[in-house]
Amino acid sequence: MIDVLRGLSFEVRQGEFACLLGPSGCGKTTTLRILLGLDRQFSGSYQLPEDGSNRVAAVFQEPVLLPWRTVEQNVRLALAPRLRDKDLDWLFDVLGLSAMRSLYPSELSLGLARRAALARAFATEPSVLFLDEPFASLDERTADRLRRLLATVWEARPTTVLMVTHNLREALLLADRIIVLTPRPAQVHGIFDVRLSRDLRDAPAVDDLLLDFHQRFPDTV
Amino acid sequence: MRAGLGSANGASANRRMRIVLQGIGSVLPAATVALSLLGLGLIWSLAADLWPSRAFPPPLAVWRVLLKEAASGDLGYHLAMTLWRVAAAYVVAMLFGSVIGVLLGTHRRADTFFNPWLVLFLNLPALVVIVLAYIWFGLTEAAAVGAVAVNKIPNVVVTMREGARALDFRYAEMATVYRLGPLDYLRHILMPQLQPYFAAASRSGIALIWKIVLVVELLGRSSGVGFQIYLYFQIFDVAAILAYTLAFVAIMLLIELLLVQPFERHATRWRRPA
Amino acid sequence: NPSARVRVGVLKFGTVNWELDTIKHHRFDAANGVDVEVVYFAGEDASNVAMLAGDLHVIVSDWLWVSRQRSEGEDLTLAPYSTAVGAIMVRQDAPIHDIPDLVGKKIGVAGGPLDKSWLLIQGLAQRDHKIDLAKEGEIVFGAPPLLSEKALSGELDAVLNFWHFCARLEANGFRRLIGAHEAAEALGASGPVSALGYVFREKWANENPDVAMGFIKASAAAKKLLADSDTEWQRLAPIVRADGRELEVLRDRYREGIPNRPLADEERDAAKLYAILADLGGERLVGKASQMAPGTFWAALKT
Amino acid sequence: MRAGLGSANGASANRRMRIVLQGIGSVLPAATVALSLLGLGLIWSLAADLWPSRAFPPPLAVWRVLLKEAASGDLGYHLAMTLWRVAAAYVVAMLFGSVIGVLLGTHRRADTFFNPWLVLFLNLPALVVIVLAYIWFGLTEAAAVGAVAVNKIPNVVVTMREGARALDFRYAEMATVYRLGPLDYLRHILMPQLQPYFAAASRSGIALIWKIVLVVELLGRSSGVGFQIYLYFQIFDVAAILAYTLAFVAIMLLIELLLVQPFERHATRWRRPA
Amino acid sequence: MIDVLRGLSFEVRQGEFACLLGPSGCGKTTTLRILLGLDRQFSGSYQLPEDGSNRVAAVFQEPVLLPWRTVEQNVRLALAPRLRDKDLDWLFDVLGLSAMRSLYPSELSLGLARRAALARAFATEPSVLFLDEPFASLDERTADRLRRLLATVWEARPTTVLMVTHNLREALLLADRIIVLTPRPAQVHGIFDVRLSRDLRDAPAVDDLLLDFHQRFPDTV
């Protein structure tokens, strides 16, 4: 009967890329679920950014693909009307899924399934995107490629992103602001604004940011 | 995007809700059931008023017959006979049906081979099985119960087979890795997954069995609700037919509310409250 | 004496039970050296099955059924029980007065297309009026109680039902258009033929002649009492499930149905009817045998 | 621990196996089914030899009756009548039963309230429903089909309700997030998950419906297999009863092999081959 | 119809701690599944180390807890007979699960579920332990604590461990040897023996090892 969140309050500006960082079991997924309208047992309020399309997409911690549809059918489930077949081809290609389009989810490795879930999210061309550890269980190379892809997608269209991650480097590479949470019941422990332009964040720059971060939040990660 | 979440308790709220439900659990359902039965009685009595017919007596007339039959001891006797037959056939049918169903559901070859047999037995009219049973084994209780079970087993097989086909292989693999014994496997892996299918087979099963028991009693028993119902059908005493029917339904309802539902609530308490 | 026991299977609310109840009540069975044990069933077919399953000594069924079973190797035989048969019933005020009036009418027929009474009446209609009732009427087969109910509610214009259903209809404003008797006699029978008889195994009867005879004598005694005493019928009223006029009609029809002709006459007429029925009903009704199986009526009763 | 794995193809092996199975698919099942039926016929004929009884004719006798009835046109006519009744009642029962079942399975309150009604209708003897239907709506086809459907609907409800209760909420949540329309939700989320329950309800459903149709025909129709079976039951012609029964079973078997199984194979092709 | 593995062959000595490293979808999980006896469609042979108990435990990529049993009931499913209640208390404690013993899996966050799966594996006291990315979707702090726990368990009893991971640091911290696989169809690309005693592997030492590794496998991670 203990609250999972208590007085958790933060803001993400439209078109901003925010990361949620916090210990395992603190309430990150719960927060995402509330914002997605999946959990109703909470007090307080939230507001999603309003724009024309108002499409939402999410990548859950587990891929949650429909087992009775192939990878391609899963991705086409919520396809943005604007998207052409060649856009889809491109998407499958960068995600390394071209050979897997007609496989069923039970025939995928976890990493492939996760990428299929990412493809589904990108294919909706969302204006708000929720990601719950999207790059876990991927090898570093693939993860890096996908991080770059995410950055590209984010630059190309005005998308508000809220991403949960346990990987601080990843957060520093991608986010505009990092929201650090306390252990359960989750509260905002502090906010770290990454004031460096995204183009300039190469490996050494991220190392510097890392030091910065550790100075401000010495007891985290 | 702004979020000011005072106190969200995805988890705990659910738990609290569950506890609340359990707290009310003992009172609310009873009230709802009473209300539900009242509603049914009202509709019935209204309908009987609107379309009066000898074939559709009002609840009160049925109630009076019920009391009379109960007072004479007939109701109790015949009900008891029918109930024991239903219970015996149920146990036999569920046991054999579940085992066969799970085996067929998990062995594709056997399934292909035996499927035609299953279709045959599934579609064999109750009449044929019952008459054969009586002719071969005489007009005994064993023949009666056996005939009912044979009628019902294919239905159980079909349902449990679907359940076995839909098993999640990940749990079986986990059991293989951790070398669970066959008994543990049965109790902890197989049965929880088959529970909804078992519940479905069981519920519609008892109803089907009771209906076949009626035919069995009609064709060759000198006691039981089926015997009585058919007697009253010949003199077209619908009130008496309904009285016997409702007496059985009432008992089924009691079993459902006092045994089946608490058990099911217990067996499915791990599911997310809807 | 356990060998004197006679297990008789009957419908609990059926007509035979009236007689058996009289036997038991007045101990006619003990008086004739037998012990009648009544086993109740809910349907006629149930007692047939029970007989074939070897569970009973005696049931009541019709001679056509016995003959058919006999010709297929069962050693069943029968002793006459009742000549009462069904009739086509119509409402008192119905504009139906003869068979031709039935053309185009909705007729309920109990017992199905192979029912003896139905075949005989069809035969008569064919012979006397050149009418094929099965084609020119709208025939509805169904369960006897349901058809009675439907006749009462007016959905059916006419109904051919078993005799006690007819009697009850009679007490409720119906009249008899034509009985199966009349049809049988018109088609060549010299008198009423026992439609129903006590059916038992010939081997059993021949090995226990005293018991079989004792049972038949007990039955005769009961019949005599029911024929003479109106008060006995008052006693039976709860079993008959009728009172007043309905009880009287049932009583009278029952009395009319008590067989009183020598067995040989009945057997001869039955054989004649069999030929006619074999003609009307074809192989489906009688099986391969075109003649009534010899021994259908228990030979020991002829002397 | 040593591992020298020449060519493991967890994935591809499965896929290859599946393809092999599909390749044989058109031949093997047919052979297996033929074998299965042959075996059944052999056992039957042996049993009929061992316990000769009029109530249990050998296959050949039944086959002869079948041919005769077929030649006379009776078989075709009555079979057609029964089949259309079965089909009509099936469609009505599955439609209403599924909708009601899913609604009850997903709405706890409604379920608590209507459960007693369900138990009542589940346990109402076929006789009662059929007689009432005939009395109210006349001796018509509509009354007959309606009565059968009313008999079957509660069974469908019970099975589909279990299915709805066992739904995986994660897929529903995914659908919410991606704002799937109701139609997409139905087609892609709900129906695939309910498929095994639907299959179970459907298979044992047709069998049950056919059995009730027999009773309906017995009580107040002038055509159909039930009508014929009862006719032959009166003269105790078991061979003819079996002939009609088997004709129906054969049709069910054909439907099963040519329609249901290919459809099911298609609908469950995503499951891991067992 | 393409093979997932082709001529993959390696050895792990009894009591050794080995890591499998390879790109997503290359066949690591398949290899583990074959060794666990779950996949039968393969040619070749393998042999598990023989000792008295011969208990096997595995942590899959997904936790695979039985949803109808509580955390504690799940852990007790295959409990080593030697284990006492207080051993179990200790285990739950170090895994941070003490408060969750009576929760059902559906009430856990993914990180907690993964820890419960780890608890189940440790509670069998296996002689062979297979781990498929056991520390993914955990925050760094928790993951570090669990890595230390794993090292402790491994030191305390002779356990052969085969662990799949995408985290090179983790591999270098824990493993005796790292088996690097090629992309699918998986073959052994090379083997990296960590010749440094496990006690000495502090952060700077691991950094050195990392450099070593990158020199030997420049195109990997």
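Read from first to last, the chains carry the letters A, B, C, D and E; within each, the first residue is number 1.
Keep in mind that, in the parts below, contacts are C-beta pairs under 8 Å (C-beta built on N, C-alpha and C of every residue); 3 or more make two chains touch, one makes a residue touch a chain.
None of these values were measured; they are calculated from a predicted model.
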item	value
Steps needed, at minimum, to go from chain A to chain D via contacts	1
Interface with the most contact pairs, given as the two chains involved	B-D
Label of the chain whose CA centroid is most distant from the centroid of chain A	C
Rounded Å distance, chain C centre to chain D centre (Cα mean)	41
Between chain E and chain C, distance of the C-alpha-averaged centres to the nearest whole Å	85
Chain D and chain E, separation of their C-alpha mean positions in angstrom	48
Sites on chain B at which at least two other chains make contact	11, 14-15, 55, 131, 135, 226, 229-230, 233, 271-272
For chain A, residues contacting two or more additional chains	62
Residue numbers of chain C (touch at least two other chains)	45, 52, 143, 146, 149
Residues of chain C touching chain B in the complex	11-14, 39-43, 45-46, 49-50, 52-55, 143-146, 148-149, 241
Residues of chain C defined as touching chain D within the complex	45, 48, 52, 65, 68-69, 72-74, 111-114, 139-143, 146, 149-150, 153, 155, 284-285, 287
Chain D residues touching chain A - in the complex, by the definition given at the top	11, 14-15, 170-171, 173-174, 176-180, 184, 188-189, 192, 267, 269-272
Chain B residues within the chain C interface of the complex	54-55, 131, 134-135, 138-139, 217-222, 226-231, 233-236
Residues of chain B defined as touching chain D within the complex	28-29, 32-33, 35-37, 40, 51, 53, 55-56, 106, 108-109, 112-117, 119-120, 122-128, 131-132, 135-136, 154-155, 158-159, 161-163, 165-166, 169, 196-197, 199-200, 203-204, 207-208, 210-211, 214, 226, 229-230, 233, 238, 241-242, 245, 248-249, 252-253, 256, 268, 271-272, 274
